[in-house]
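Consider the two complexes below, in which chain A is the common component and chain B and chain C are the respective partners.
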Partner chain A sequence: MTNVSTIAETPGTTASTVAGAPRRRRRSNRLSPLLVAFVLVPFAVESIWVFWPALQGFWFSLTRWDGQTPPEFIGVDNYVELAGDATFRGALLNTVIWLVLFGGLSVVGGFGMALLLQKERRGVGFYRAALFTPVVFSLVVTALVWRVFYQPDGVADQILRTIGLEHLIRPWLADPQTALYAVILPALWRQIGYVMVLFLAGLKAIDPALHEAARMDGANGWQRLWYVTVPQLKGVNAVVLSVIVIDSLRSFDIVWSLTKGGPYHSSELLSTYMYSAAFQSLRLGYASAIAVVIFVLALAVILGYLVRAFREEA
Partner chain B sequence: MIRKLRTGTFHTGMILLSLLWLGPVIWVVVMSTRTFDDIAANGVGSLPHSFTLDTYRQAWVDGGELRALINSLLVTVPSVVLSLALAAVAAFALSRYRIPGRRTILLLMLAGNLLPPQILLIPVQKFSELTGLYDTLWALITVQVGFGLGFYTFVLHGFMRDLPGEIQEAATIDGAGPAQIFARVMLPLTRPALAALGALSFTWIFNDLLWAITVLRTDDRMPVTPALLALQGQFVSSWSVIAAGTVIAAVPTVAVFLRFQRHFIGGLAIGAVK
Partner chain C sequence: MTDFDPGRRRFLGNLGLAGLGALGAGSLLSACASSASGPAKSGGSGAVTIQSNLSSPQAKTAIEKLAENFNKLGKGTASVNTIASETFRTQLPTYLTSANPPDLYTWYAGSVANDYASKGLLLDVSDVWQGLGEYPQSLKTLSTDAAGKQVFVPMTNYWWGFFYRKSNFAKWGVQEPKTWADFLAVCETLKSKGIPPIGIGLGDTPWVASAWFDYLNIRINGAPFHRELLAGKQRFDDPKVKAVLTRWREVLPYFDPKGKAYPFQEATTALLAGKTGMFLIGTFFADAAPKDALGDLDFFRFPIIDPAVPVAEEAPTDGFFASAKSANPAGTKELLRYFASVEAQEEYVKSSSGIVLPVHPKAKAADSPLVSKGKAMLESAAELTQFFNRDSSDALQPTADTALTKFMDKPDQIDAILREWQASAEKVFKG
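Right after this comes the complex of A and B.
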């Protein structure tokens, strides 16, 4: 923040107003057209591909539309239909399960790994790299890697047979009982390393003196974890939480590559249901309504994230 | 003694965990070198009884992975360069000058990136049809740029804001305009953040599936991620060819990661600590 004060001391001699001249505002100062373009061009690009489409998305959710004939306004009919749609309710429930299992376990796993691997010691670099490797794969690559595992007579079945649990063997991805969980597992495998890196960065930023002081006061390991580490990670926790919720609601690739939401919608998430309603059943209005539901679920997180960002900017 | 035991337990546990993470990857690499007959006879779960690299030729030529990889690079490289360039100028103007409403603009741009893409899919597809971009790589490039911009701007803004002001001040006194200050002063200082975001956005865009299958339709225009799904349909039970295709699709991002490892992890951490 040093720049703010130093620049403010030089009187505004330039054509363009320099950042942070506090109070002595010179609103009358001309803003160089170049700077205006610097902001407006990127903003216009994002408006064309994000803001305007988002507004259209809301409008489409109030229409019946097959993509060929013009959309026809039908009010909230799509939402009424959603309320009675069993597939939608299943997808909503699956999304909640996904959020809890995928989100919860990746936080627990990532945090645990970060705690175990935070101290620099022999081998830690290798372990971190091993856990992080899947993060750079696409979800489709991840899906194909795991498909090999789930194949009838694949590695998962071999392992179960070796330890004498043959009776558990089933077509993992084709059984409605297990499909959703069989998809969550690879997603977790890829996400834990990512969450670990976020927590490692946060743990590194904690002042070791705090732990030293707590140790002097006779706090044991668990107490230090609970009363020193966790509160100090507040900022990271907020980021991780937002990332996890947004990622969960967006999850699409892995389900699409492994099961496409089947069998019998048993691994259907809101995102996959939306996609197939839009581009396979060509019910664009109805799909838009599902997208709006996803948006509303994400809204609280987005707002929380923005409030945090806003406070930092202030 | 107890200490030694604890170290031993730690390493044993971690090695097992690392195996759990690396094992599936190694398995797929090994499987990609097995022949069709070997897998048909012994199953996908068995150890290899053969060695071939013909699977790679099949995935590369017959499966169209070469074409797909070229498409991926044609999309990813321009998208990364364009979105970082646009984000850098926006972040520069917003962080170093008193633009009216700059905070609102910044947060609005960030909010755009946090939107679930589902709400954008249908309008974006219809818009690309309207502009004649549908089913061209340009559609994918522009979508990737538009959607990523907000986040990159936000991160670069945070970075540029914290750079010392003296240099900018000196340059201003010497009569340098915003363009010179940006190109000669700020951009060189922002290089670490740009490298981090570059490495991250490369993997994100390269790994994308959803936007590609939304704005593209023709098979031979697909980048490597959706092409891999198609490969799976084409070579239904040729597991070794699918495995070879998977390895090919993973190599570029792994290479970028290994080359920019420090920047890459640093980039992920930027968001967490800020």
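Right after this comes the complex of A and C.
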């Protein structure tokens, strides 16, 4: 858990620094005490609340620990077990599906909505607000609403029945074929609004003169989108990617409140598996090993992108 | 979010305690002093905190009423801190291992209590038991840990059975089945009338399926085998366990297909509305039932499969254990003595939904035909079991949930499912 929240905070900030702030200002030889304080105080706080628990997480992943008796060192046994654990493999696969579907669709959807709603027209504020509203709700509340939607003879079933598709009706959250996708939908519903706002901010920052010039040169709408808008959004893309990857890997609340990873692990993500290993099976060492895997995954994806972004800018 | 909640409540609870402590910062000190000089009496010691998972409205009122009555006795003060059951379950180890834990906990007797006792987390309440001479030996054994000391004080128990509406059974022209063959016949009749015969609620509450496993196992293989299996002394891939699922498979077509998707509370609603025929559930389900439906409810015991196997019933026993680190062990024990008394248990039965049985042999249960029938069933049973998680551990329960929900979906994969179950159970037993 700590690992996830660690990465949730730090890379986001790094990314936005890369994106926006001027980097080329040389600092003077003497550091101002205020600057030192600004660096050291948060560093001290982070050390206690973030780095230290994260390091402890690494240590716990090498132990067998039930949370009540002292941890017992067992080397890499937890990782060996992970390699042979079918549930873990299923959770890993589901997390990848989640990353691709949830991440991909929220970028596509969010970007599409941002393009649609970027022009100031009458009533556009209403649509923007409507799309952003789901972000305001807590995910647990969202889950409650969607559960009513999915329940037997609930709204989803009624809609299908009205349009004559009752043969498709199934226990959405209890059917292993549909459970994962039935959970992705509410998560997307929320995330699209969030990504839309990020892209809207990016679109606003594009100099209209660029579009003007492109139009003068005879570029059509698609060309302007592809050669002007998208490259100009590079900074926002880094932020969006970090947000998406982090949100995918830490997606927990919505899954837990809708299916708890069930039925029989079919909608299990790494995060829910970690939670149930830790707090239901009371195998905190094993759960820490899963947490380390999540941490490494997130780091790999984000570092991969950042390194590329740096190289292009350099 | 939900995980954070109890911490906050605990924090608020402690603030409340601190407020009580404002009577004098030295109150704790004086408690220590007085317990050193002599038996701690009222006045000197701080309030005893009861960490309670009784969150359904009636049960919550009942336990709060008991605390209130105890406070009037002048033997100490008690305060109740109610926490949602699922949160309570996951946080219990944290409560018990924290530096300044609540004193008393509502929880289960048997292997769960034993497990905590073996780690030295529970208060030895043997001297409370010295005053409980009227209690049957079976309850004392249930409350005794591996080292031979009592760590638990029971207050109530309840039973499981097939509940149904009398008016509906009359309408459909069926009688309570006694044997497995009768049971199959009833299922067939209901199905032919277009009623899903067996209700269940596995969405969000998958542990309800364990009742089926427990009962089939104690009916086919007997309670001793069941206990050994749950203690890790037998294997889940044993042919005897396979026989349990094979038998279960015979009735799978009679289960309500919607039961997979909704929790047991909604399965209760379906039963009361006549949308399912009968429902294997513990009496706690009645907390979610409207009062006017209660009079129409009846139940029958899980049908007998092999008459040669001594009849066992599930009778989960609820009660209290205390933290070994309680700041006020004397007051805690005083409160436990009160909970074990006839008047406390009768008061509890009166204020709660009423379909619970007091464990004190002299305490009167609620005066209703349903309760008398349940009481008689438990008294006639040769053996009592608790429930899957209570006879094993909360850590083993998820393995059962996975295996059993998968079995109900894919009954043709029994062998593979049992192999997986054994593998995941081994991990739990290994720690």
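As a working rule, the second predicted complex is superposed on the first by the 257 of 314 C-alpha atoms of A that agree within 3 Å, B and C clash if a C-alpha of one lies under 4 Å from a C-alpha of the other, contacts with A are read in each partner's own complex, and residues count from 1 in each chain.
Everything below uses one rule, namely that a contact is a pair of C-beta atoms (placed from the backbone, for glycine too) under 8 Å apart; a residue touches a chain by one contact, two chains touch by 3 or more.
The shown structure was predicted, so the numbers you read here are calculated from the model rather than taken from an experiment.
What is the contact status of A:Gln68 with respect to chain B (first) and chain C (second): first, second, both, or neither?
second
So, does A:Pro171 touch the first partner chain B, the second partner chain C, both, or neither?
Only chain C; A:Pro171 stays clear of chain B.
Figure out whether A:Val107 sits in contact with chain B (first) or chain C (second), or with both, or with neither.
neither
Quick one: name whichever of chain B and chain C touches more residues of chain A.
Looking at chain B versus chain C, the one contacting more residues of chain A is B.
Regarding the shared-chain residue A:Gln151, is it in contact with chain B (first), chain C (second), both, or neither?
both
Mind working out whether A:Leu82 is in touch with chain B, chain C, both or neither, as first, second, both or neither?
neither
Return first, second, both or neither, reflecting whether A:Asp253 touches chain B, chain C, both chains, or no partner chain.
both
For A:Leu282, select first, second, both or neither according to whether it touches chain B, chain C, the two together, or no partner.
In the superposition, A:Leu282 touches chain C alone.
Once chain A of both complexes is superposed, is A:Ser138 in touch with chain B (first), chain C (second), both, or neither?
both
Of the residues on chain A, which ones does chain B touch that chain C also touches?
In chain A, positions 67, 138, 140, 151, 153, 253, 279 sit in both the chain B and chain C interfaces.
Tell me, which parts of chain C touch chain A in their complex?
So the residues of chain C touching chain A come out as 1-2, 90, 93-94, 96-97, 116, 119, 121, 202-204, 206, 257-258, 260-262, 266, 394-395, 397-398, 401-403, 405-406, 409, 420, 424, 427-428, 431.
Chain B touches which residues of chain A in the complex?
Touching chain B from chain A are residues 1-4, 6-7, 10, 13-21, 25, 27, 31-32, 34-36, 38-39, 41-43, 45-46, 48-54, 56-58, 60, 67, 113, 116-117, 123, 126-127, 130-134, 136-141, 144-146, 148-149, 151, 153-155, 157-158, 189, 193-194, 197-202, 205, 235-236, 239-240, 243, 246, 249-250, 252-253, 256-257, 270-271, 274-275, 278-279, 284, 287-288, 290-292, 294-295, 298, 301-302, 305-306, 309-310, 312-314.
What does chain A use to touch chain C in their complex?
Within the complex, chain A contacts chain C at residues 64, 66-69, 81, 86-87, 138, 140, 150-153, 171-176, 253, 260, 262-265, 276, 279-283.
For chain B, which residues are in contact with chain A within the complex?
By the definition above, chain B touches chain A via 10-11, 14, 17-18, 21-22, 24-25, 27-28, 31, 43-46, 86-87, 89-90, 92-100, 102-103, 105-124, 126-127, 142-143, 145-147, 149-150, 153-154, 158, 161-166, 168-169, 172-173, 177-179, 182, 203, 206-210, 214, 225-226, 228-229, 232, 239, 242-243, 245-246, 249-250, 253-254, 256-257, 265, 268-269, 271-274.
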